[in-house]
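Here you go, one structure.
When the chains are written out, they are named A, B, C and D in that same order, and each has its own residue count from 1.
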Amino acid sequence: MTELALRRTPVDRERLLRLVQEYGVYLGVAVLVLVNTVFTPHFVSGENFRTQAVQVAPVLIVALGMALAIGSEGVDLSVGSVMALSTSLISLYLGYGPWLAIIVAVLGGMAVGLANGSLIAFIGVQPIVATLALMVAGRGLALVLLPQLKDVRDPGMATLGSGDLLGIPHLVLIAAALALAVAFTVRRTTFGRQLLAIGDSRPAAQLAGLPVRRVLILVYVVSGALAAIAGVLATARLSASDPTSLGTLMELSAITAVVVGGTPLSGGRVRIGGTVAGAVLIQLLTATLIKHDLPPSWTQIAQAVVIVAAVCAARERGKR
Amino acid sequence: MTDTDSPVRATDTARTAEEEPLGASRAERLSALGQQHGALVALIVMVLVASLTFDSFLTGDNLENMAVSSAFLAVVALGMTFVIVTGGIDLSVGSLFALGGVLAAWGSRYGTLVALLLPLAVCGLIGLVNGLLIARARLAPFIVTLAAMLLARGILLSVTDEGSTTYLVDEKSFFAHLGQDKLLGIGVPVWITAALFVLGAVVLRRSRFGQYVYAVGGNEDAAALMGAPVARTKITVYTVSGLCAGLAGALNAAWLVSGVTILGNGMELEAISAVVIGGTLLTGGFGFISGSLVGVLLLKVIQNVINQIGSLDSAYQQVVSGAFLAVVVVAQTWLGRRRRAP
Amino acid sequence: AGCAKSEDEGSKDTNTGAVGDSGQVVATPPAGDRKTCTVEQFGGKKLDLKGATIGFSQSEKEANPFRIAETASIKAEARARGLKLLTANAQSQFSKQISDVQDLIARGADLLVIAPLNSDGWGPVLRAASARHIPIITIDRKINADACKDYVSFIGSDFIEQGKRAADQMIEATGGKGEIAILLGAPGNNVTTERTKGFKDRITEKAPGLKVVFEQTGEFAREKGQQVTEQLIQSKPQITGIYAENDEMGLGAVNALKGAGKQAGAVKIVTIDGTRNAVQGIVDGWISGVVESNPRFGPLAFQTLDTFTKGEKVAQDIVIQDSAYTKANAKAGIGKAY
Amino acid sequence: MPSPVLSVTGLSKAFPGALALDRVDFAAHAGEVHALIGENGAGKSTLIKVLTGVYRPDSGDMTYQGGRVRFATPLQAQHAGISTIYQEVNLVPLMSVARNLFLGREPRNRFGLIDFRRMHREAAEALRSLGVRVDVTRQLRSLGVGAQQMVSLARAVSVDARVVVMDEPTSSLEPREVRTLFGVIRMLRERGIAVVYVSHRLDELYEVCDTVTVLRDGKVVRAGPIAELDRLRLVSLMLGREMGEVRGQGLTKFTGEHAAGGEPVLRAERLTLRHTLHGVSVDVRPGEVVGLGGLLGSGRSETAKAIAGALRPDSGRVVVAGTPVRTGSTPAAVRAGISLLPEDRKAEGIVPGLSVRENIALAVLPGLSRFGLVDEARIDRVVETFVKRLRIKASSPQQKVGELSGGNQQKVLLARWLAMRPKVLLLDEPTRGIDVGAKAEVQKLIDELAEDGLGVLMISSDVEELIEGSDRVVVLKDGAVVAELTGDAVTEDRLMRAIAAAGGSDDD
């Protein structure tokens, strides 16, 4: 054992840094799991993993859309409001059956995405302001549609929210499927490649004849749809439509997950695996702090520290 | 020119300002003016419409109220303008504003100096750390200041016993007077704000540091190659933004005579909106201090008008403000784009 | 003072404070024993409420049952009395509420009814109002200022008292033994602080066998309440009771318990507010008790203003008597819950 | 020989995947114009960036004015008296011309505030002395690339410098401005300033330089007086090939005439764009290379961009092979078979964060995909073909394009378009910043493409290239066609006269 360690070549600092940069977020998740395994009672249990997975699912789904927006050198601040809109629409249309309600909700999210995308692609408004405007207006709209919390008592929605398939909750299955789909889209489709090129250098992509507008609009439509799906799932889980508080600050959680996962905010690169890990990291961190009953001030400070540490590890090092 | 074999000749391309093809530069200037003063025009129109529609709008009281309550956001937006002109963003200002207020109220028991210096020191320090992480460790401003926002909230909660303690300012202290007294009928915070804006405008337009701020925002690499102290400039703007937020919080605490713990949520977005409405480009390199002031006032007047209408449901209010923001940025972007066309 | 005439359909007045009365009942001892306020003391002028303009500043969006009922009650009473009412909503932003009230004053409000978002920080508003001798009544939350000088009176519940009564219910439900958790409201909020204080004080005092082992914020929202409870029941499966500082979080906790496959009543839940959903929760057996926080301020507030403007005495602190729902009266009272 | 003002010994600098400088020795003397030459990617720009504090060297010593130094930032180098024009125009587009010129050394009044009136006056003077008359309060971005380059030059020479470094300053200058530049260089030499000059245009080197250092693959292969080396020798040193081989290939690769015929493959008709183009019409037949000549700012780039859909003309049409193309849409133009190699490679051409492979496959991607799914194997084949054919120098197809040298970036862009098999190729300064070897290859490629029946529209500030490469030259002035040279009339003399006449017609 010692001999082996001695014979090993000295660790190449550069390579180690690169590894940390690439896999730091996974490492972070591993460390948190380890710490909890040792210090948190009842942590290693199927029930607990299930809870964490179910809680992280909506955030993750939103983060997937956010990753695309960020990859295109944009950002989507309207996701939280889209969730609210989606929950309002569900309640309004539930009378026609859960499927129709879900379809309407997702269409609603796509409509907001279309508005975002049009402002960004056709008018050239900065993504952060365009989506800020829809963030404000979207929640207002959600409350206009459904002025107060309303219980959702629908067996279909209930199954969606708390049922499972082969022991895996529906929510988790859906989130996993969406993550795979988005990862596949980024890696293997023309749309994915074009999105990255646009995110890296929009003028160059434009002059190379890429359908920049179409791609950008699609990005925000997808992000809107994903946020709406997250809204549907959150509604199903809560068995209530709560347009006031559903999805508040979701945009920040999603951005954090994406960035902590190693996707640079400057666009041109999307890491879906990292995004999943980023979302899980934040979830585990919150869970740890709650389980140990630490005061809210700690939670905020710990989150700040973890975010900075993760981003620091994942950053591209200067070339000097 | 000492060289003789290159007779300098004014050819068609070498045009003096007067010989400029008029259309080009006039259109360019016009839309520059549009972008610069679009918000001002909107403000004037709003004020005109409002004063014709509501008798209670153009009263001294109402104007004074609006001035004082915009003052705090304006100071925050002032710092934000510097940050945005460098192409950055500062999401921590809302939390720093709240933290500044709490610290000022807590510190006011040890005198006005502490009440002012403590929030400035703490918020300035957080701003400095933001700047260091952004400029030296090259982390994205969005994420660094997002973390700072959480951090500041966390500190606020821990100094107020998880938010259960509200520190009060002694009504008779000099510090409280700073927030409440009037000078020539206008509140002291308004005067302070005005002074800061004049100072800020001079610094941004007329100082070398200001030039660096524009250069860093316009093209960071080029600025570095031209010898601009990029890192130092960035660190400075984030520190300034932190200081502004802290100061605004302190003044607000003096005005409210207490360190209210629930302030500042969403203030960063308000400040960003104001700056953008004022014509500053979020991409950096272009913007005005005066525009941000106009942006703040415009937001305030809109809110006031919505209140004057009175019958608007709170949900509709949000729809209206969102739509308004969209209209303004669309108009602005449209003007900006026309100008960018070759 | 006395009992306000309820405007609600078919409700009959009872002075017992029992469930079934949807209007507010004053809980404090008779007028003789407490501080009062008159127009002369306040330094204002008598006026006829009939021709007056009343400004109402609401703190949060009318999106939860409490705020909806509160605003509706004020509006209905103003309409019933034929008064001119100006309204504003601060949408949970304190700075906005300050501007809102100033705007109301600028728009010519003669009297103000304020539902404050926060107890502190009212300096600017009070200065502006007192300069014009505008009487202020605050409802549901108190302002930290001098009654009858800065404002006239406060009408509302005693949050500390609510916490204490919740503790009583918890003690009864759990038999005074076991480990309990608190789902706190939004941090930095006086309601949170006071409901926590009252609850803990009473527990320490009356039931040393009960231990508070977990306190996390659910931010007054159902979803947060559910998420926190899910974490709680895994790390502390032995928990016997959950005190939720509002109904929404309590209902979130119910969701979490259901999701974890617990039986109704396995974990005792006590909440505050008295919304219909929570009372239904008692009927269904998931919730053990709900302390009411009555939002129907309209009748009492306007009656107080009427009395005050006529020049008569009004109490500075008009603490209303909140009823409570338990297994015994839930079924009967559900129709009256808001 | 006096000791050099600036010298380095044993300087090395490695990038991940590339040893850019390998124990380089270099010395610049006062009053000397020192040429630094080498192939694309030889390490010239890297050397300059190390000298001026942009990059930190891995090893090596640097001596400046007799003392050992190491600059940590460009600012330090600047303060020490080394002023630099970097290869890519590096100014701040949103700031005014004057502010760019004076950034960091603005004239200030006694309150420490910037004295704008003085600054504008001095800026205008500085530019006028270089033959550029612009309103110095205009935003820099409203100027063409050439004029921007002149602003960089003005900035570099207006400080009190001991060493002036110029990395390919002429790449976007027109002949008249090149003359002005040479005037400036001679003046600097007379003042005893050391000038380090990088260029791929050999004629220029012989005209202004005294000494030369030749870099190849990061190593110095030759240093000495330029007079001792003839062109052929210089090229063979740069390329690392035998003299005979180089001679056999010749220096310019254009063969001249092409058998162009038939209907025009591209017809641009009366293109009009507010303030820049006034009814420009250009035809290109299959197999024909049409040159687009004119002064800076005459609207050549705009013409090309309007044809390629990157600018939406106010009126006029573009017809490709008889079918009108929707204007103002690059995807439509690309679908119709139009490809544009843009002038500003860094900002509009490459996608720096993506790999060589992705960059080459970028435009052709839909063609290499099925049902929106990318066919990796086909991409690999296409990329391999073009990396070989254009001899793109990269550590692997996975290397980020942003890390390549300028010339190789240009080749990647060419590959991107050739993979599209376009009908019409619009080339805006195709050999700008490309070394002689690569330049010859690119030129040969253009020739071959024309012979294969492609229509080529070529913009070039290099008059020689324009004359030798084009079958026909259309001369623009102020956004309008003023002359067209065909057949035997395509000579340097006639072109210069056409341009000059156009320019002089309304001279004051």
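The criterion applied here is as follows: a residue touches a chain if its C-beta (ideal position, glycine included) is under 8 Å from a C-beta of that chain, and two chains touch if they have at least 3 such contacts.
The UniProt protein names, listed by chain, are A, B = ATPase; D = Sugar ABC transporter ATP-binding protein.
Here the structure is a predicted model, which is why all the values come from computation and not from measurement.
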* Asked: When you check each chain against subunit A and subunit D, which touch both of them?
  -> B
* Asked: If you average the CA atoms of subunit B and of subunit C, how far apart do the two points sit, in angstrom?
  -> 38
* Asked: In whole angstrom, what separates the CA-based centres of subunit C and subunit D?
  -> 73
* Roughly how far is subunit A from subunit B, going centre to centre by Cα mean, in whole Å? -> 30
* Multi-partner residues of subunit B (each touching 2 or more other chains) -> 156-157, 162-163, 281, 314-315, 317-318
* Junction residues of subunit A - those touching two or more other chains -> 143, 147, 295-296
* Which positions in subunit D touch two or more other chains at once? -> 54
* To do: Write out all the pairs of touching chains, ordered by chain label.
  => A-B, A-C, A-D, B-C, B-D
* **Contact set on subunit A toward subunit D in their complex** => 188-194, 196-197, 200-201, 203-211, 268-269, 319-320
* Asked: Where on subunit A does subunit B make contact in their complex?
  -> 75, 119, 123-126, 128-130, 132-141, 143-144, 147, 252, 255-256, 259, 264-266, 295-301, 303-305, 307-308, 311-312, 315-316, 318
* For subunit C, which residues count as touching subunit A in their complex? -> 61-65, 68, 187, 213-217, 219, 221-224, 226-228, 230-232, 234-235, 237, 248, 251-252, 255, 258-260, 277
* To do: Write out the stretch or stretches of subunit C touching subunit B in their complex.
  => 58, 61-63, 86-89, 91-96, 98-100, 102-108, 117-124, 127-128, 144, 186-189, 192-193, 196
* **Interfacial residue positions of subunit B with respect to subunit A in the complex** => 89, 133, 137-140, 142-144, 146-151, 153-158, 162-163, 269, 272-273, 276, 281-283, 313-323, 325-326, 329-330, 333-334, 337
